[in-house]
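Okay, got some structures for you below.
Paired with chain B in one complex and with chain C in the other, chain A is shared by the two complexes that follow.
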Partner chain A sequence: MALCVDGKSLESVGPAALHLMPCTVEGNAEANVSQFFTPAIRQSEESLGTTGQQVSFRGRLLRGHEMPVPEGYKGVILKEPSKPFTEDEDRTLRATHSFEKFTYWNLETAPSTNDTIQRAMAWTSIASALHSPVESDKASLESQSSVTGCR
Partner chain B sequence: MAPKTSKKQKRKVSGNHERDQWMVIAPDSTFESIDGCPDPSFVKLRHPKTENGVMFLFSSDGTSVHEVMRFKRDFGSWFINDSVQQDGSLEVITPVDPVFLALPYLIKSSKERNKFMTLDQIILDDDYPQCIRLLHCSGMSGIERVAEVKGSGDVRAYRYDESKTLDWLKDKVEQTAARLGQTDVHVASGAQSTTFVRSSKEQGATEEDYKRYAAGLVSDYLSADLSTKLFEHIGIKEVSEKVSKALENGAEPPLKKARMSSDIKTEPEEDYSKAFTASNDMKKEKNGKLTAGQKALSKVDKKGMKSISSFFSPKPKKMEK
Partner chain C sequence: MDEKEVESDASEAMEESQDAAAVIDLTEFDKNNSNNAIIQSKIPQICKDEPCCFGIDEAGRGPVLGPMVYGTSFCPISWNTQLGELGFADSKTLNEGQREALMKSIQDASDYMGYKVEILSPNYIANSMLRRNKHSLNAVSMDSAIGLLRLALADGVQVKEVYVDTVGDAKKYQDKLKGLFPDLDITVCPKADSKFPIVSAASICAKVTRDRATTGWKFVETNDFDKENYGSGYPSDPATKKWLAGNVDPVFGFSQFVRFSWSTSSLILDDHAFPVQWEDDDEEEEAAKGTASLLSFFAPKNADARQKKHQFFNERDLKQVTAM
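Moving on to the complex of A and B:
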């Protein structure tokens, strides 16, 4: 059994408007997001000059942050159009949308770098350091770590 | 959680198996399909730490392998255009150094026969036959950092070399620690301004702290045995010395459980222990996707994190007194 991704399907997909909500909505279905949710979003002046977004959802205040996908990365929604009948069958995932950014919402707390989602984005950078080859440029590494050093 | 009526309910309960849609973030080139090459594909390989089968992704040309990290908040759902997706997780796909995945095979074969063998003799697995694809990864040339090499050109034979491996891992730790410094803290000009762990930096997160954390990350790709040797080799205790001192002084150990689950619920602005909780949580999530065995092993790291926060919180009070 193999699980493949139809690479060609990525070429023709368009961007999706995405919101990651801080609550579980039980169900996978159509919803009038653009009619009832999106128009209610307000820009709010945060301290430190950053602008945040606010919205009221079911009477609760949500505070949002627009998160770009890290540089060199791409967001994709992959869907399995048909379920396999047997375990041995090859499975294929197809892209249905792409995205360069999405908005995540916190329940009442202001978005910060401690949020799961922001750490997820930071992981891409940390992983690239952890998993890139280390053989050659030891010298430059040492100079880097001396910059980092802060005793 | 009992399935009531609809298909959707069932989907929720059975989780992964019934899901048909995933939100994925991956490097630009990962999903590119190249003419004449097979599509990019997910394949089960033996995880070097847990030894359990975990999904990895090979690119279309087969020269790079990636892991899938799931990030999920306690509660969450996606709005996708005009629809709802109940599952609020985000899969982050990042490249993996294939040498980490090959290392257990190299160690095993050298233990069993103690002679030089070619990679296609070494990387064999009846349970996960697809591991043979690691041989085509461009990063496999790094195997020379962990093995003695005989022969040249196309025919090369390898034998595990522990001291070379530990040096290689040390480089890995330093490289990762340096990046942690750049990511978490803007050290461009040695400035104090930071974003990620502002509070811990102000409290003097040292180079050693970064190294210890980096070593913890690297250990997530190592057997428990090798991980212990790595910590010895770089001369860092898994638990900080200062912390044990703080504990000796009778400082209260922090409420581990409360800290661990405090991800979104409690957000005091000036909690100095937070940055460490945050990093801890990140690991927790990584482990969440993995197996029970890995969770058990991750206790080691938690111990380290816990103690660091205990160092930050009780001590200043004492000094004020």
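Moving on to the complex of A and C:
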């Protein structure tokens, strides 16, 4: 079985406004975000000069922060238009939307660099540093000489 | 007092008396009715010069819709008798027309009487009551009363006697206020609005403001639902019940006009909207459970250590996806 992403769909998708909520809504339906949620978003008063936002969901206070997708990456929302009948069948995902930024919301606490999502996004740059090949001979020479120095 | 000020006050009073209705400027509140707003009169000079009495009362505690309003009014103690003659009584025993007329006479008495009103938005009420560290409606009320009294003192009103109407524990409330304001004579009692004219005046300011803010509610939601026939907002009002039942969104629940922290509204959502799980939902249950069972310390450590992710990834909620 192979899992594929329809390449054509990736090119033609339009941008989506995305909100990462600090709760689980136990239902699957279209949400009336632009009419119920977006108009109620306010700039937080207490965080002067920052992009703090606040809103309520089901009567609870949320504080939010807009995050860009890490550099060199692109956000895509994928859907599987038809579920496979058997386990052996190939599966195809189609992109429905793309995004370059999203807003994540904390329950009551002000967003900070300690938030899981902000820390998770930093992984991409750490990963590229870890996994990129050591480029020049100079670096390996340096490390060798430092090892010799230790002796 | 300088003459100019007297003149301008007199001409304003003339203008106002031509216009029959009291003017309550809700512009600030309407701009952002997710938050609270304070509406206040000018402070009469005499209230800065002479010892004053200060009345505090609330309106709209019970409704499931719209704001709760805290009202305060003040005047020199020496004017108290004239106040009685204006015909103040508990705002609940008066009809809308009488309340409007009395609000007008409070505004017309601007040379010796002032008022400060705080509109507590339904969104603020819900946010407070549903907070991680729950803030009860009584605590919300007390904060508002204390804030308004502090504001009056900061504005130079010579407050000497304070009268507060309360539905809660009068003794506890009084002790708290006395602790915060040891120099003031403070009386907290139920039905203060029928005993002290200055509290009646405060209750009228509160009730008229509550009614105006509720009737002309500016909905922040832009979708097309019934934004008019919501009735009085009291849970017992059939129009309010019908409106609530007919205007549920399965995801968002209700408009911000609704107090989500009321059982009237949460019961409707239990039946007609998707359930929502929050990260702090089980905090209360866990606290009730107390300490872990002794047996749990002897239980085998689950999962193979090799399969465990490094703490770095756990802390960031990062997982490898190998299947869907």
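One rule holds for everything that comes next: the second predicted complex is superposed on the first by the 132 of 151 C-alpha atoms of A that agree within 3 Å, B and C clash if a C-alpha of one lies under 4 Å from a C-alpha of the other, contacts with A are read in each partner's own complex, and residues count from 1 in each chain.
The working rule: a residue touches a chain if its C-beta (ideal position, glycine included) is under 8 Å from a C-beta of that chain, and two chains touch if they have at least 3 such contacts.
Keep in mind the model is a prediction, meaning the values are calculated, not measured.
Enquirer: Between chain B (first) and chain C (second), which does A:61 come into contact with in this model arrangement: first, second, both, or neither?
Expert: A:61 sits against chain C, while chain B stays out of touch.
Enquirer: Quick check for you: in the superposed arrangement, does A:132 touch first (chain B), second (chain C), both or neither?
Expert: In the superposition, A:132 contacts chain B only.
Enquirer: Touch check for A:101: first (chain B), second (chain C), both, or neither?
Expert: Neither partner.
Enquirer: Could you figure out whether chain B or chain C reaches more residues of chain A?
Expert: For chain A, the partner with the higher number of touched residues is B.
Enquirer: With both complexes superposed on chain A, which partner does A:20 reach: first (chain B), second (chain C), both or neither?
Expert: Only chain B is touched by A:20; chain C is not.
Enquirer: So in the superposed three-chain picture, is A:115 touching just chain B, just chain C, both, or none of them (first/second/both/neither)?
Expert: Touch status of A:115: first partner only.
Enquirer: Let me test your reading of the model: by the given contact rule, A:39 touches which partner, first (chain B), second (chain C), both or neither?
Expert: In the superposition, A:39 touches chain C alone.
Enquirer: Please indicate which partner A:123 is in contact with in the superposed arrangement: first for chain B, second for chain C, both, or neither.
Expert: A:123 contacts both chain B and chain C.
Enquirer: Overlap the chain B and chain C contact sets on chain A and report the shared residues.
Expert: 3, 22-27, 29, 31-32, 34-35, 37, 107, 116-117, 119-120, 123.
Enquirer: Can you name the residues of chain A that touch chain B in the complex?
Expert: These residues of chain A touch chain B: 2-8, 10, 16-35, 37, 69-70, 72-81, 83, 92-93, 95-97, 106-107, 109-110, 112-117, 119-120, 122-135, 138, 141-142, 144-145, 147-151.
Enquirer: Per the contact definition, I'd like the list of chain B residues that touch chain A in the complex.
Expert: Residues of chain B touching chain A: 8-9, 11-12, 20-28, 31-34, 38-43, 55, 57, 60, 69, 71-73, 75-86, 88, 90, 92, 94-97, 100, 139, 141-142, 144-145, 168, 171-172, 174-184, 187, 190, 195-196, 201, 204-207, 210, 214, 217-218, 263-264, 267, 274-275, 278, 281-282, 285.
Enquirer: Using the touch definition from the top, list the residues of chain A that touch chain C in their complex.
Expert: It is residues 3, 22-27, 29, 31-32, 34-37, 39-40, 42, 56-61, 91, 107-108, 116-117, 119-120, 123 of chain A that touch chain C.
Enquirer: If we count contacts the way the header does, which residues on chain C are in touch with chain A in the complex?
Expert: Chain C reaches chain A through residues 32, 34-35, 123, 126-127, 129-132, 220-223, 249-253, 255-256, 259-261, 269, 274-280, 315-318, 324.
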